[in-house]
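Alright, structures below, take your time with them.
The two complexes that follow have subunit A in common; it is paired with subunit B in the first and with subunit C in the second.
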Partner chain A sequence: MKSATEIQGKSSTRIVTKWKFMYWRSAILYLLPSIILFSVFLFYPLGKTLYLSFFLTDQQGIANVFVGFENYQYILQAESFHKSIKATILFVLYTVPTGIVISLFLALLANEKVKGAGFFRTIYSSTMGVSVAASAVVWLFIFHPSMGILNQLITSIGGTSIDWLLHPDWALVSVAVTTIWMNIGFSFLILLGGLQNIDEHLYESAKISGASYFYQLRRITIPMLSPTLFFVTTVTLINAFQTFGQVDILTQGGPSESTNLIVYSIYREAFVNYQFGTASAQSIFLFLCILIVTILQFKFGERKVHYQ
Partner chain B sequence: MKIFRPVITYMLLILTAVIVFFPVVYAFFISFMSGAELLQGNFIPKTFHLDNYQKAFERLPLAHYLWNSLFVSTVVMLGQLLVSALAAYAFVFIPFKGRNIIFFIFISTMMIPWEATMIPNFLTIQQLDWINNYQSLTIPFFAIAFGTFLLRQHFLTIPKELKEASDIAGLRSFRFFWKVVIPYCRTSFVTLGAYGFLTTWNMYLWPLLVTNNDDARTVQIGLKQLQTQEMATDWGVVMAGVIIVIIPTLILLFLGQKQLQKGLAQGALK
Partner chain C sequence: MKKLLLLFLTVSLLVFITACSSDAEGEEPNEDTAGEEQQTEESSESDDNNEEEEATDEKVEAVFWHAMSGGGQESIEAIADNFNESQDKYTIIPEFQGSYEEALTKFRSVGGTEDAPAIIQTFEVGTKYMIDSGFIEPVQSFIDEEGYDISQLEENILNYYTVDEQLYSMPFNSSTPVMLYNKDAFEEAGLDPENPPQTFEEIKEAAEKLTVKDGDNTEKYGFSILNYGWFIEELIATQGGLFVNNDNGRTEEATEAVFNGEEGLRVFELIDDMNKAGTYGNFGSNWDDIRAAFQTEDTAMYLDSSAGVASTIENAPFEVGVSYIPYSEEAERNGVIIGGASLWMSNGIDQEKQQAAWEFMKFLQTPESQAKWHIDTGYFAINPAAYEEDIVQERWEEFPQLKVTVDQLQETKPSAATQGALISVFPEARQQVVTAMENVLQGTDPQEALDQAAEETNRVIEQANRANQ
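Let's look at the complex of A and B:
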């Protein structure tokens, strides 16, 4: 009797091991395309960027001379990189909070139960369908010194026209306005989805007790929406760090480098000046910034988030 | 208060809609104006003639660029759907060892900004001789952690009984996927498809790097070319280009807005 159960036990562990192996093999087969692509186009190049950041390179991007941390020292001392960091931080501050407040306002409006709300939802989300290049070209004309609608409006009420894209103080604001407009569609759609997921019953008791609209907004809507707000903040923040197209079309980083955001700076360093080493050092800097921001956000942001 | 609320709502809805949609309408109106008309500072064109559109197609091989964009976006969309679905299937239906660790690695790739890898990627593409090729615009974008994540979240909601029943009925994985998973998770597939198509169609920096002639150049880069060429002289032609570029994606968005919103909200919240 004893040996029978022993045999049974042995063969069943063998079957389990065999099953485990089969699971493993089929899982790897399913994951293989992703793993290969991530390795070739994400993990390998990230490592290569780190590697290149310690070298001087030639025009073909071949690492020639090992220089250790000199590329990092160089960029951290260079005035143009300081300007780029400052512009990027300012740009994030201009675009992220404003963009979220506007999108939240639109989402609250479009979530009201009125006839034809669907039409307005379509309009608000439409900017998501307008590409970076197209948006930037349209806004380039809106900011046009003489023919653009902005200066036409200003002069028609007796003001003096503004050099939106040519003045160092205004250029970054102009790029930020363009970016906020471009992001409205996406943020709006996500926030509206979040609003529609809030349980109706929560509002009923508030209505019975006669709570005002703003009281309900503060006490019910915003807390229940906080996971969505958290998600939208993270995404728009990361997007802001990655801005390129608007800068390329609107200002090319100028005037006097006031809109030379970090990705544009990397692009110029690598593909205009062919300094792949210092460009890679900047890329690693960008990677670390985004990494830190994401970790901080998850660490501190998540605590304040209210999950249903 | 009860009567005022809808009135205020409508006023705000209309006002904000006008502001948000203004740049598109502005571009649309200007696309019909001649240079002289523009200088007069008109807002609404006198006549709606299509001269500028004709000129836009004559100045640049726009039709070819449009085809390139359409082809590249469709291929990336299909590639992403396939690769993400395969990975998500493994994460949900195959109980293999190390599943959580590998999933965590997948998710952490979302924190790597694509721009931090662009220099070596460009060098790789150069070595593979993929410059001015469709491959360089499509293959690097097939694997996308967001897609795997979105589909996985939805696959998880498939009742266990369905999988068990199909195992008992002896359905092969592929049949189970085709007959059960795809119909059950249609929203997520549509969302991911629309998302992939839109983002690829709108891609700017990468096509700028890897195309330097007309072979595979996308319409976004065409628009930049048009803008640099015509800016000083003919804004109407440039705006015609803008309208041509945004019409396909706007139509896609108008048709799929509801689905996209539902699907993205699910992905964001769970």
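Let's look at the complex of A and C:
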């Protein structure tokens, strides 16, 4: 690095370029830690996945037969992958809107200034403290075919017991219920934070002009909360696409592949069947899906977001 | 100021990079044991100079990866302790590595290196993969070298693990499927509890009588099978049917799945008919769930592994009967394929460690070790002489049903069908069969479901053959 006195001696244009260069350099230096982190844990694996997706791998997992786009061709016409895509889309539709509506409802409740609100805030966000594996195991017992408390409850009030995890249609619902329950804590906490950031004066003015609760909710709360809602939607959407743990524990992708969500199907291809090629192709496909959905969301969803 | 910042950044970067690389080292398994060995080597060098007697204290340590949790783990640790005390040259360190699949995945990443465990337990369907992997030393080479007599071992079990007339791995925990039934429920339904149904037709009739309905809810189903490929393989084999072509991949590399033939179709039709009649209970693909269903009398008959028989009898609040698995009346009864796992020896590790592994394998085959193993877990004794041991005889007196599992194995006719299939993509083939089974339970035509599974299996076999040329 040259000292400032030296630079002062040069012509002004050179000073500008010099400074530009220095800005660049310091910018890069500031970014370097994240660049290195991302390269090691994201960019390199992404590149390697892309590479593997064009190959067949042998039993050591080494790419040794180049097949071009065959893996992609295969997954796009394979029925089981179609089922995976369908299941994943359904799963996203089941979990994301429901989860956010429930968390928003709970956050609105917990945001009221009543006695014991702190207690409920803790309870509502407590699912954040439970690991995916632990909560999935608890739900496994709730859904248990012969001893599950849910079926006992239903039969005790005279209903017919349901094959929660054993019927293809119900299995996806069961996994979705579990996921919603697990995600509520996180969404709730973020939304509650957002609610508490809304300026009190807005509500005071609204009250003075005699606005009803729902009018306030529609005209003040939701618009002011929209950046937070947007964030929560984006994050839960990506999370829903990447669901793995609960599927692994509750259903292992079954019955009849009805809960074989894309990430689980990738796992099975790669680590049970050792077909790293097709697994990589599926990963790239998932990456593109999430990318497109996120871009669309930013393009159309963000228009409705009101930044203060 | 900027210089300072730069300096700080460079330093923190350096720290970060070194932290990363040490992390990577930390991922290698067995680091601790490797460190210990180095220590012992160093100390033994110095000991050599001082006293020769102390050198004999230095034991060769060999790591043993297994996939037995619960009672099996306790038993393995006790047997390893017995071995370590029985001699002063070798120490076996048993390490639990998760399920068979998980242990195998871990082994893939260290196989062929110095960090590989001396012994790894791998399930029967991993046999072909292990042979092809190039990470293992066939135990046959030790048998030949020493002239070890393996004829004392159970022939039907050796049969499975013998490929091209070489015994690649040492059988260890072997099990077969059996049918368990609720004797009390048999009496209630007016069936003879001492004469359980043996053919598919008889099963259907008995299940009809055993099923108890309360309105729309079925309180008790007649018959159930776990949604697990192994049972389908067994039901096909007991009719003499093959799973894949080329004599189940034994005479030549298998190229095509044939489990969608008539034998497979009979099994699937049985499931389909009973499911439609409402006498077949579906309890999913989890072993514990179907066992719980039997215990809570939600199903009256089901297929289980012989390794689960003892605990089921002990826990059940009713009399439990054990019988052979059913067969189709259109075929003869051929017996069962051996399931379970065997022990493989790594190559690429010290010869001393291989020797330790070999000594331990021999120790495991002694009637005493096998007797303990058999009564602790319900797995078969690899060495039939174990059945003569007092502890086994006592146990059999207490649970006469345990003997049924042994009889079924010993009555098995050796053939390509009962030898079991040999394909490297077995885990995937199993998954396809399970999916087909689940599809049938949802109303898909049995033949269609089987054909679909066979087609998918063919594709992965073909792909594996292409990739591993």
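By definition in this document, the second predicted complex is superposed on the first by the 272 of 308 C-alpha atoms of A that agree within 3 Å, B and C clash if a C-alpha of one lies under 4 Å from a C-alpha of the other, contacts with A are read in each partner's own complex, and residues count from 1 in each chain.
Going forward, contacts are C-beta pairs under 8 Å (C-beta built on N, C-alpha and C of every residue); 3 or more make two chains touch, one makes a residue touch a chain.
The model shown is predicted, which means the values in this text are computed figures rather than measured ones.
Of the two partner chains, subunit B and subunit C are each touched by A:61. When the two structures are aligned on the shared chain, A:75 is found in touch with neither subunit B nor subunit C. Within the superposed three-chain model, A:100 lies out of touch with both subunit B and subunit C [touch as defined at top]. Ranked by how many residues of subunit A each touches, subunit B and subunit C are led by B. Of the two partner chains placed by the overlay, neither subunit B nor subunit C lies in contact with A:150.
Legend: residue contacts after superposition of the two complexes on their common chain; A:249 is shown touching subunit B, with no touch to subunit C.
Once the two complexes are overlaid on the shared chain, A:273 sits against subunit C while remaining clear of subunit B.
Looking at the shared chain after the overlay, A:52 reaches subunit B, while subunit C stays out of its contact range. When the shared chain is aligned, subunit B comes close enough to touch A:142, but subunit C does not. Of the two partner chains, neither subunit B nor subunit C is touched by A:229. In the superposition on chain A, the residues of subunit A contacted by subunit B and by subunit C overlap at 26, 30, 33, 40, 60-61, 147, 271.
Subunit A meets subunit C in the complex at residues 1, 26, 29-30, 32-33, 36, 40, 56-61, 64-65, 80, 144-147, 155, 160-161, 163, 165-168, 252, 254-257, 268, 271-275. By the touch rule above, subunit B contacts subunit A in their complex via residues 6, 9-10, 12-13, 16-17, 20-21, 23-24, 26-27, 30, 38-39, 41, 43, 82-84, 86-87, 89-90, 94-97, 99, 102, 106, 109, 111-124, 139-140, 142-143, 148, 173, 198, 201-202, 204-205, 208-209, 220-221, 223-224, 227, 231, 235, 238-239, 241-242, 245-246, 249-250, 252-254, 257, 260-262, 264-266, 268-269.
Against subunit A, in their complex, subunit C makes its touches with residues 2-3, 5-6, 9, 12-13, 16-17, 20, 101, 105, 108, 129, 132-133, 216-217, 227, 282-285, 289, 292-293, 296, 298, 424-425, 427-428, 431, 434-435, 438-439, 441-442, 456, 460, 463-464, 466-469.
Here subunit A touches subunit B in the complex through residues 20, 23-24, 26-28, 30-31, 33-34, 37-38, 40-42, 44-46, 48-49, 52, 60-61, 105-106, 109-110, 112, 114, 117, 120-135, 137-142, 147, 149, 152, 181, 184-185, 189-190, 192-194, 196-197, 227-228, 231-232, 238, 241-242, 244-245, 248-249, 263, 266-267, 270-271, 276, 279-280, 283-284, 286-287, 290-291, 294, going by the rule given at the top.
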